[in-house]
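Consider the two complexes below, in which chain A is the common component and chain B and chain C are the respective partners.
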Partner chain A sequence: MVIPAPSARRPIVVTTVVLAVLVALLALGSLGTGPVKLSPVTVLDALFGGGSDVQQTIVREIRLPRAILGLAIGAILGLSGAALQGLLRNPLASPSLFGAPQSAAFGAVLMIALGWADVRSWALPVAGITMAFVSVFVLLSIAGRSAGLLLLILAGLAISSLAGAATALVMNLSANPFAALEIAFWLLGSLEDRSFRHVQLALPFIIAGAILLMTRRSAFRALSLGEETAQSLGVDVGRLRLLVIVGVALGVGGAVAVTGTIGFIGLIAPHLMRPLIGHDPGRLLVPSALTGAALLLAADIAVRLIPSTTDIKVGVLTSIIGVPFFLYLIVRERRALGGGIA
Partner chain B sequence: MSDFALLTAANLGVTLAGRAVLHDVSLSLQPKHLVALVGPNGAGKTTLLRALAGLQASTGTIQVGGEALSALSLRERAKRFGYLPQGHVVHWPLDVKDVVALGRYPHGGTDPARLSATDEAAVQRAMQATEVMPFAARRVTELSGGERSRVALARVLAVEAPIVLADEPTASLDPRYQLDVMKNLRKVADDGVLVIVVTHDLGLAARFADTVLVMSDGRLVAHGAPSKALSDTIMADVFRISAYRADYRSETVILPWSGI
Partner chain C sequence: MPSSRAKREGPRRRFVTLGSILCLAIAGPSFAAELPRLASINLCTDQLLMTLADPAQILGLSPYARDNARSWDAAKAAQFPLLSGEAEDVLVLKPDIVVAGRYTKRATRELLKDKGLNVVEFDVPRSMDDVKKQILRMGDVVGHRDRAVAVVARLDVAIAHAREVAARKQYRVLALSRRGWVSGSDSLTGALLSAVGLTSAAKDLGLRTGGFASLEAIVSLKPDFLLLAEGSSFAEDEGRAFLLHPALQRFYPASKRLVVPEKLINCGGPMLAEALDRLASELERVER
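== the complex of A and B ==
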């Protein structure tokens, strides 16, 4: 008897290509959206040195860093979410539910408040990455090997609350009320007015984190059978955990340091992909990254299009969409959650 | 029958949280044997199985095919042991064939969608041996408990390791599937593999195993052919039961009868 070739292959390739095209279109849209509306043709023209000087400046210097950051940060958030869900075999795992962005933000805010760094220095991503690492490390240590749903969510809640409280304390003690206000706005998460300096600060860490997570993809697949079986198949589970924590911390910490906290993309992206390409955690990584990029680019375009007197921050928008989605997931996972910690 | 020792352990010890879970266990096992590892709850059966596979740190020495286990990399160990844990959980609704293909992981076949010809052939052999072919394209989560246990076994067989370690593969299966699993493992052993099965079913152990290892309080207390290892003394001292014994169609029947 012959088994038909796994039909799962084609949808993945098709889905990936469609997503890549969507991301490219959204990036073009991001370059064209703003106080001065530009058509995709004008954008492409300006991007490659055509058009007027003004158009070139708008596209290449003002909007391009924003689009690059939106793409890269959305992608690393989607990838981190998929990687954490793969590591923990748990559909509710994500950086923001684990308090990683909040902790990274605390690290960055502390640097600013202590006057050790301005918003354009390397100290910010380094502090953000360190705190993100500490938070995920502590969380996974608390959760231990069993990593039950309820335990992870409670520990994540505790860690993000602690990070939030610590950030509030820093702002509270801040001598300069304007600095506190500035921090508060920065915390909301935004891609506005970012320059190539910000891209330089974040991108190396994001790329390093992405490579680290991507190279683990087959180990996530083996982990579907549980840690012990994965170990028996030759996966060094302890090392894998550490590498995933480092990868997520590099990506999320680097991202938060230049944009503030942007939540829930890592939670949503893998869920959107599962109905299309199945549950294999290894195959989910690339599509989840692309979905994350598409989500953040779309959200960042939306905040520029929604008419309002003050700017809506993109981090606020992703949370407004993300939290109801999280509630929906809780309802769906109700049985597993009600089943207790084991 | 070969008397070449494939797996030997000398003075094996494991201490967990200050308690000696495994104490001074020595054994020497040959290929082409089905070995049943029995003992009351908490006797250290699973711990011994995990220690033998190198999944649990232990004192003492373990040798696989003449090589020290401690000198082997994780991947080399994985090629030598097919390990079937208790409960055989699959955390995501993966396709059956993808689960079986994970058995090729130690050999470098890490992507079920891109298996080499060798890996593909091993996966097909394992699926044929366990009769999971009819539902190879379905998701494991849609299968019955019995079907799922066959998939788990297929995954272990796909490793094509010289040693198979199975932790209670018959637990929570109906009698028919229990027999199926044991027959499968018997066939695997007859094909040249050393199979070690942890079980609470002394009847299945007596009927299918060449050798029975009896554990009690972290020690190996009996080791030999089923009727010898499951003697009345062992039944009384270790399991605190008496057993009914008979021969049926020239096979040993041992049935736990009453508590002592």
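== the complex of A and C ==
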């Protein structure tokens, strides 16, 4: 086991505290943003039961669940990204590049299109989690143990394209004449007009997934020394892989079932933290989760501030930020990718 | 935009009148066998056709005609052939007149006209007067003006009744659909509300023909009632789930929701009499 030097701990503590404060401020900012203008004082007052019943309803039943979901989903996406990157020792690993959110959306849409379930029922997260599990499992099976970057990216691209197309097709084939708007929701993701019913649906799975991934931190650290070393340190790599897939599926599937596909948070968050925290995948988990939460909360505030005639989907914004970042990472990893071809 | 629309409307009106006079001229001296045979490629003209024409006159209806949620007389539509809504099967049928909506299927309409078919187009009505004019116009087109006059009379009775019920109090009503779509005052739903003397709350949101409103804006607007197309508590998709959001349920439980099914209110035609009766009975229900 690698024991971090005491001097290395300080920046982590400082970074974590700064990030936690930032997330708290953004969560408050999320409560203060919306189509109805409310002053910060009014918002706080309404949050704790003051103000008119309309103000209370706006803050506590419309904005609070949205802020909670933004925080929790951003965090689980950041954490999943860090966990996958740690597991695969691969900087381009992330749920959305592996097609996990897209597959989860397909699972959820299937439940709706078949008319089996209300969109606010447990069937949606369960179907989402199942499909997310299948997609990541299939991807890692295809890629095998010592997968190169290129193989993972290509297989992930194939799975996410297939899942996205299947989502659209299933909605088109259903009797629903409003399929186009519904497809937009599931493919692009949105936190708009969520309620505590949605928090109730997603949060248990997100927490379970987070616990599962967080408890693997020492295994990730051991794994960063190489698979054989990890095994000699008592890490069962096969079991670890399975547990990480389950953790990611629980978190991502639960999240997508209530907000649709929100991509790239899991890719960006760990990379933003590496220069500050270092490359220890175990230590990256908590800061990556906080960064993910901050990113999604900020993106969700931005979509409400950008003037537009119809709502901008938050997944659009995370992709607009995420894809250039992804391209930048590819350029940086060009040599490794080129090696993959040769 | 309105001026160019008026310009386009001029010659078409003349054309249509000419067409209907021609039909009447042919139908006049002889009997029912000479009445024009028609095909419809629009859900709303389907309804007018089924109400006013003889069954023998109807060659085919639009694809949604048998949709129970959207088509008012879906049961009657079962006895007529269903068309694809595209040009091909209409061309094969060779109807004397094709009835269509003015804002949909432009390419299909153009193609049918190019092939020499008589295409009669019906605008989206924005007032009860528009609706009555359309009913009478379809009566002329199918050669049964007497039936159209009876339908209009039935509509007037329904308006008077609903007006009487609504006049007891000044209510502000917001017509709300899936995902927060609000029908403006300058729409068929808005016309229905104003015809019975209800105030549409949409104009306080700055919406004339219609638009999306956020949950927060609706809750702050505080209309007396919501006018919805469905009263069930099952959310088959995210758009429906909007109407079942706890914040909306808190201020607008079932006792604050006027439910008039979509198929009664989505077209200007005979179904509006039923919609008005329904609106009146809903108002009586929520007042209790």
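A few points about this structure:
Operating definition for what follows: the second predicted complex is superposed on the first by the 324 of 342 C-alpha atoms of A that agree within 3 Å, B and C clash if a C-alpha of one lies under 4 Å from a C-alpha of the other, contacts with A are read in each partner's own complex, and residues count from 1 in each chain.
To be clear about the criterion, a contact is a pair of C-beta atoms (placed from the backbone, for glycine too) under 8 Å apart; a residue touches a chain by one contact, two chains touch by 3 or more.
Keep in mind that what you see is a predicted model, and the values were worked out from it rather than measured.
Legend: residue contacts after superposition of the two complexes on their common chain; A:Glu182 is shown touching chain C, with no touch to chain B. In the superposed model, A:Gly115 lies in contact with chain C only, and not with chain B. In the superposition on chain A, A:Arg197 contacts chain C only, with no contact to chain B.
In the superposed model, A:Leu157 makes contact with neither chain B nor chain C. Contacts of A:Val17 after superposition on the shared chain: neither chain B nor chain C is touched.
When both complexes are overlaid on chain A, the residue A:Leu25 reaches neither chain B nor chain C. Across the interface of their complex, chain B is touched by residues 1, 3-4, 6-9, 89, 218, 221-226, 228-229, 231-236, 278-283 of chain A. Looking at the complex, you find that chain C touches chain A at residues 70, 178-180, 211-212, 214-217, 219-220, 222, 234-242, 244-247, 250-251. Within the complex formed with chain A, the residues of chain B that make contact are 50, 53, 55, 74-75, 77-79, 81, 83, 85, 88-95, 97-99, 102-103, 105-106, 110-113, 124, 127, 133, 136-137, 155, 159. Within the complex, the chain A residues that touch chain C are 34-36, 54, 57-58, 61-62, 112, 115, 118-120, 176-178, 181-182, 185, 192-193, 195-197, 309-311.
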